[in-house]
């Protein structure tokens, strides 16, 4: 079972000026998928804050997958991809490419998503748009392969170690 | 209305050894789209020169969108994407992905385009191939969403500031 | 004619714990394509080792194209894309995008490939998955345009130099 954390990134929602709809929308999908939810958060579009949270959550052995929502667009304050790129150790470009290609069939504006995905330690971070509908649609694109991705992030260290020990 | 600038990047055209066809082809499309053209330029495939011009044009509040043409291929002198990556603050990978995917339907050589797109200050920079036909075709792919992209680059700082002030 | 080198990257194969199947599979395809093979290698998923080999092979004027296989997934030891990004001077994102988009039609797991492609000196490096079948399928996607890509990497320096001299 995948253990997830959902981080909403929005100036207005963090100031209470509007309701966070995309975070709860992702949480609802996670429940439908049968995955566990271990953390949620809501922060402003502040690069240092986002990076600090991502780093802390990736240090938590309980978090396999962090889904961010918001801050992936062209507004001057949209900085989620840059914060994500700054903390990941390995990029996973295929996830964002597939989400954009799929969304493009529904709306030409999909190409404006600057979302990225990547790995820090044994945690996968994936950016989703701030629109609840787009976030849910994008999660549906990659959800089928995420259990296998998470499994790979965890199992192979032990497998390699085992082989290595047997070899000696 | 979008204010644009077109930069042709070509050793031979800059030395007068061949006519610049792709720059004028993009200018013609810009006129058809009803956008304004505030600057044009023609430079050699020299990384420092390209970067200096991109930086200067992005400091000009009048330039919303810079279209470069040329220097995106595999020739040793093709350095436009690297010059662009060096000056942008935020990448917009979906634009180049969509242009390549669309061109691929017309020619398999589309996958050799190394074009990138990204944002510096409030200006969007997009690389186009040096072939006039490919440049025009690629612009047609992203033109429908560019007005919204430019709007986002400009409007939200004020919107956020306004909200922030009201909140206090 | 393209001169190629094939580098298999696999902890287990390098320790002799399993047979290298993807390297020979790529070699077989290279022969069918009529390209020449000048080097093959087999190394562990060790970043420094991979980078050292890539750098050495790219210094060899005989190597136009390096095909790596393995180390592009989500396992903790999979580090081929990072080693490749560290040595290339110019990215060629369209190659990896096209391979993933094509593979996605066959399996949703294609989006987990973290493969990259890029140029160092006049050598093109392309990452392929470690599965022999996926590696061969991916090579088929880009093989038709590689001769032209390699031609561009080589011919234009001389062409430009010639023009430059004539201009003076």
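Order of writing sets the chain letters: A, B and C. Residues in each chain are counted from 1.
Convention: a contact is a pair of C-beta atoms (placed from the backbone, for glycine too) under 8 Å apart; a residue touches a chain by one contact, two chains touch by 3 or more.
Note that the structure is predicted; figures quoted are calculated from it, not measured.
**Q** In degrees and to the nearest 5, what turn takes the CA positions of chain B onto those of chain C?
**A** 120
**Q** Would you mind working out whether chain A and chain B touch using mostly the same residue numbers, over half shared, or mostly different ones?
**A** different
**Q** Just the number, please: Cα centre separation of chain A and chain B in whole Å.
**A** Using C-alpha averages as centres, the distance is 29 Å.
**Q** Send over the residues of chain C in touch with two or more other chains.
**A** Residues 93, 97, 101 of chain C touch two or more partner chains.
**Q** Show which residues of chain A lie in contact with chain C when the two form their complex.
**A** Listed in rising order, the residues of chain A that touch chain C are 89-95, 97-98, 101, 119, 122, 124, 142, 144-145, 148-149, 152-153, 155-157, 160, 163-164, 167.
**Q** Would you tell me which residues of chain B are touching chain C in their complex?
**A** Result: residues 11-12, 15, 17, 73-79, 81-82, 93, 96-97, 100-101, 104, 108-114, 116 of chain B touch chain C.
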